[in-house]
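Heads up, the next two complexes both have chain A, just with different partners, chain B and then chain C.
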Partner chain A sequence: MTGRTIRVDTLARVEGEGSLYIKMAGDRVSDVKLKIYEPPRFFEAFLRGRHYSEVPDITSRICGICPIAYQMSSIHAIERALDIHVEPSIRSLRRLFYCGEWIESHALHIFMLHAPDFLGYPDVIKMAADHRELVEKALRLKKIGNRIVSLLGGREIHPISATVGGFFKVPLKSQLAELIDDLEWALQASLETVDWTSKLEFPNFEQDYEFVALRHPDEYPLNEGRLVSNRALNIDAAEYEDHFTELHVKHSNALHSIVRGRGSYLVGPLARFNLNFDRLPMTSQESARAAHLTPPVLNPFRGIVVRAVELVFACTEALRIIRQYEAPSGPTCEIPNRAGIGQAITEAPRGILYHRYAFDERGLILTAKIVPPTSQNQKRIEDDLREYASQLAAWPQDEATWKCEQAIRNYDPCISCATHSLKVTVKRGR
Partner chain B sequence: MRIVCCGTPFRGDDGAGLMVSERLRQLGIQVQTCTGEATDLIEAMDGSKEVLIVDAAITGAPAGTIHEWSDCTLELQRDSSTTHTLGVAEGIALARVLGRLPEQLHMYSIEAKTFEVGNEVSVEVRYSADKLAKRIADLVATGN
Partner chain C sequence: MSSKAKSEVRRRPRIAVFKFASCDGCQLSLLDAEDELLAVVGAVEIAYFPEASRTMLKGPYDIGLVEGSITTHSDAQRIQEVRRQCKMLITIGACATAGGIQALRNWKDVDEFIRVVYATPQFISTLKLSTPIAEHVPVDFELRGCPINKLQLVELIAATVVGRKPNIPTYSLCVECKRQGNVCIAVTRDTPCMGPVTQAGCGAICPGYDRGCYGCFGPMETSNTASLANHFHYLGLPSDQAVRAFRGFNAWAWQFRKASEECERK
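After this line comes the complex of A and B, so read on.
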């Protein structure tokens, strides 16, 4: 029987460093290893002994692509420990802040990282020569996301303004209003993106996933909600560790998350969309329907269309918040001084991000736990590859390798804000 | 000339560019900072005819070595490790394709020892950051 080994020593167009190894005998996959390096573990130890007020600024440095997610999950967890409830306008500003990050992250992934796969280019630089308008659109969308993030966060990279109880400084209504023209353009560009992505060619590949995402009574989820799945999961963030566990696997520095008693699960745009379609604003729902995209979407390659629908959502929601904004009575609220333990989950662009903190009466962190979306998706990615690689048995080696890489990029894995190089090695075995 | 210093804190020597930016600001020189991610870099360069980029790099040279690159040699260095998804070299290549490259582009990089998360900038890179900041300050002062 002919054997094959698909090996990619350094994955390209993913956030951070990872490698892939697939061993096949004929069309049977005998081994799949997605090896990733995951820094948040170091941060958990690094946080011990720090005051809880420092946590949002420290955790925002875990990732250069989604610092808001880390700030939001940490702030919500600490506020739950201290039983702090912020006023509605602060809550809205946090949603707006998150919309900015979703716009940045989704625009980057759709156009710069994933589109080259669908259009047959090795990278965005080669793609830009023939599809300049797509790259220019991505740059402008990302810049608009950056403007939101830098206005609310004080700066674009590793924002510093969000804090426990609110923000160090909140924007004026007039400052937010300056974003409206850009966001209206972004909304139109996002609608065009849904249409464009829906016409791409998708492999015929569907899986029976357990989708896991937040669900809020009346909003598409960003900062709040119960954690639900299509397998009857419905829990509070405080119960997360009762239902999910992390396993150490020899081949990866990252832990594999599983649902206890069931196994791998999928977090991110596909899960949010499938579990919260009815919570999307009408503009987003209509754009999805026009693109023949209705839940359940079971083909992970169509995640690029779902991301575009979420771009429409983020622009629509940002415009709504800005138009309805009334400045809060103060940027922050009073913070009680006491010991506590708190857990929170928010929706990072790539999926749920769980944080838990315990601190003493001086506010010093005793323990911290951070479970990022990519470690939650890692086992699911391997499961996808196990199925998908077997479909590619007859394909030439280089094309099969590329397709497997594309399958990984469906998840927009944020392995870290970490080392990245473009060196790729493919070995063929018999 | 616009100076763009790239890097991220808490990742060891990837903070080299940011360290140079701090030194330059102490010397009263205006500097822009960005992570070095390609789209951020294109944005940071936008609208300037002459840009000087400062970043960390790994090429195999001794840690702390200061490299001077031209935009042509950068095109060849895309296999070098950087800590950015689409990094500085990709940002320059993309800007070139899009016709958004400044007329004059200079780049200094400091050879990194480690990009280990949570680590401080190494002694070798710290020393070179001081040296490079002074060199850039001289360039700015003489207008060369």
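After this line comes the complex of A and C, so read on.
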């Protein structure tokens, strides 16, 4: 029986730095390591002693791709600790803010990070030579997401306006209305994207996943909801640490999140879609159905289509919020001064993001805990690779390697996020 | 061949993008330059940019863009190799230029930090300090910001490609803020604002959104931090808050570092 090693020293088109190592004998996979060599940055440690009002600005720096997710999870956790309830229009603006990040992040991943795998290009730049229109559409879509973020937050990356209790400044209705034309175009472009992605070629690969996502009584989840799974999990954010734990896995020296008593699980678009299909607005549901996409979607490669459906959702939701928007009575509300402890989970583009903070009566952080989506998906990615690589035993080395990379990119992994809680002992390949 | 034809076939400069300890946001700024991206990649050859491409060509490179700070032994070695490979080395962002937010460890016991975050401390190999690239190798240009301004990045690449000086001002944020027509929130509302000591470049976003600047572009060239610290004191800001104001995303930049340590002694 011939042995084979699939090895990628620097994973491309993922955020952050990782490498891949798969060892096979025939079609049997004996070892899979998704290694992370990104250096640790110790956010939970240096947050201690900072005032809670500084936390959203600091935690956004964990990830330049999804800073709003970090701002939202931290703000919600702190507001919960302080028992603050913001008024409905602030809540809507936060959803709109998050929609902007979803549009920007999903457009980036669908077209610039993932599509080149399906079309056989090393990157979007080479892809643009043959598919200029497609890439221009992608850039325009991404820009519209970024426009929402910039209007509400001041800039695309590490926006500055979101704060505990609301925003430093809220937009005028007329400013939001200026986004409508663009968003209507974006909605159309997203619908086309669902159709286009659904016609890509997908490997025949399905897995029996535990999907974990937020679920809200009447909305597709962004900022709030109970945490549910297709294995009867149904908990409040405050119970997260009772049900999930991080394992120290020797072979990868990384913290792998697992559901206690069960194992790996999947967070992100596939989980949200499968658990919340009935909460999608009609336009999104119809676009999914037309693309023959109905829950449960068990093929992770089809995540690109699900992301496109979520683009349709984000554009639809953004338009709804903008059309119904009435300015709040003030940008923020009164903030009490007291000690507290609070937890929150929100839906980052890549999946659930858990934050917990405890602070003293001066508002200074005593302890912080952050569990990003990619550290939760990491074990699941390795489980996928173990199954998938065995299907590729007969493939030439280069193509098998590329396919394995694609299987990782199904998850849109954000290693920068994950790293603050990952071990680093792996020697760099180059 | 005429000289014009020669210049048309001139080799496009090879660009490489390297990442050290960081959030990815600054290199993302290049992909976020939606209107300029296709023009930029037409003018240069992207030879090494793992976040964007599977194609990873070997050096040497004409321009190296470096994101992130040095926090591990292996990265301290890697930056030496990166420097050798790059004719011109440009740092992008507060991590590469000042050590980043992770430089907050520099005032603390990093072994204790490791114990807080990690269950098995012996597996972590990290340096005691998070340091900027320029503390390790010569740097040709430092682009400020947490994150950088994507238009400044495009300007810097464009200037470098044609061999002119980039138009990146080093004056304080206040100049930019006045030009935006903002009413000064430090004067009219007594809001603690880092604007007077911070380099321009972001577009004075925070004052435009009714909050004080928090210094994410780092210290301006000739910043009078002592005077600003006095002003904070005059506003009644407790000294621990003044320390934290200087100890943000550019905490290890020497002007801010000195200022925070002076506030701490008060």
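Simple rule for what comes next: the second predicted complex is superposed on the first by the 406 of 430 C-alpha atoms of A that agree within 3 Å, B and C clash if a C-alpha of one lies under 4 Å from a C-alpha of the other, contacts with A are read in each partner's own complex, and residues count from 1 in each chain.
In this text, contacts are C-beta pairs under 8 Å (C-beta built on N, C-alpha and C of every residue); 3 or more make two chains touch, one makes a residue touch a chain.
Please read these numbers as outputs of a predicted model, since none were measured by experiment.
Undergrad: With the two complexes superposed on chain A, say which partner A:A25 touches: chain B (first), chain C (second), both, or neither.
TA: Touch status of A:A25: no partner.
Undergrad: Just checking: does A:G64 make contact with chain B only, chain C only, both, or neither of them? Give me first, second, both or neither.
TA: A:G64 sits against chain B and chain C alike.
Undergrad: Touching A:I180 in the superposition: chain B (first), chain C (second), both, neither?
TA: neither
Undergrad: Of chain B and chain C, which one touches more of chain A's residues?
TA: C
Undergrad: A:L172 in the overlay: touching chain B, chain C, both, or neither? Say first, second, both or neither.
TA: Neither chain B nor chain C is touched by A:L172.
Undergrad: Look at A:A129 in the shared chain and tell me whether it touches chain B only, chain C only, both, or neither; answer first, second, both or neither.
TA: In the superposed model, A:A129 contacts chain B only, not chain C.
Undergrad: For A:K142, using the defined touch cut-off, is the partner it touches chain B, chain C, both, or neither? Pick first, second, both or neither.
TA: both
Undergrad: With the two complexes superposed on chain A, say which partner A:I160 touches: chain B (first), chain C (second), both, or neither.
TA: The answer is second: A:I160 touches chain C but not chain B.
Undergrad: Based on the A-chain superposition described above, do chain B and chain C contact any of the same residues on chain A, and if so which?
TA: Shared contact residues on chain A: 13-16, 39, 42-43, 46, 61, 64-65, 108, 112, 123-125, 128, 135-136, 139, 142-143, 146, 156-158, 416, 420-421, 423.
Undergrad: Give every residue of chain A touching chain B within the complex, in rising order.
TA: Touch list, chain A to chain B: 13-16, 39, 42-43, 46, 61, 64-65, 108, 112-113, 123-125, 128-129, 132, 135-136, 138-139, 142-143, 146, 156-158, 416-423.
Undergrad: What part of chain C is in contact with chain A in the complex they form?
TA: Touching chain A: residues 19-26, 28-29, 31-32, 34-35, 37-38, 41, 46, 49-56, 71-72, 74-75, 78, 100-102, 104-105, 108, 110, 112-114, 116-120, 123-126, 130, 146-147, 150, 202-203, 205-206, 208-211, 214, 216, 241, 244, 248-249 of chain C.
Undergrad: Going by the contact rule at the top, pick out the chain A residues touching chain C in the complex.
TA: Touching chain C: residues 10-17, 37-46, 48, 50-51, 54, 57-58, 61-65, 67, 108, 112, 116, 122-126, 128, 135-136, 139-140, 142-143, 146, 154-158, 160-161, 163, 168-169, 248, 253, 255, 331, 402, 405, 414, 416, 420-421, 423-425, 427-428 of chain A.
Undergrad: In the complex formed with chain A, which residues of chain B make contact?
TA: For chain B paired with chain A, touching residues are 8-11, 33-35, 37-40, 42-43, 78-87, 90, 93-94, 97-98, 115, 117-118.
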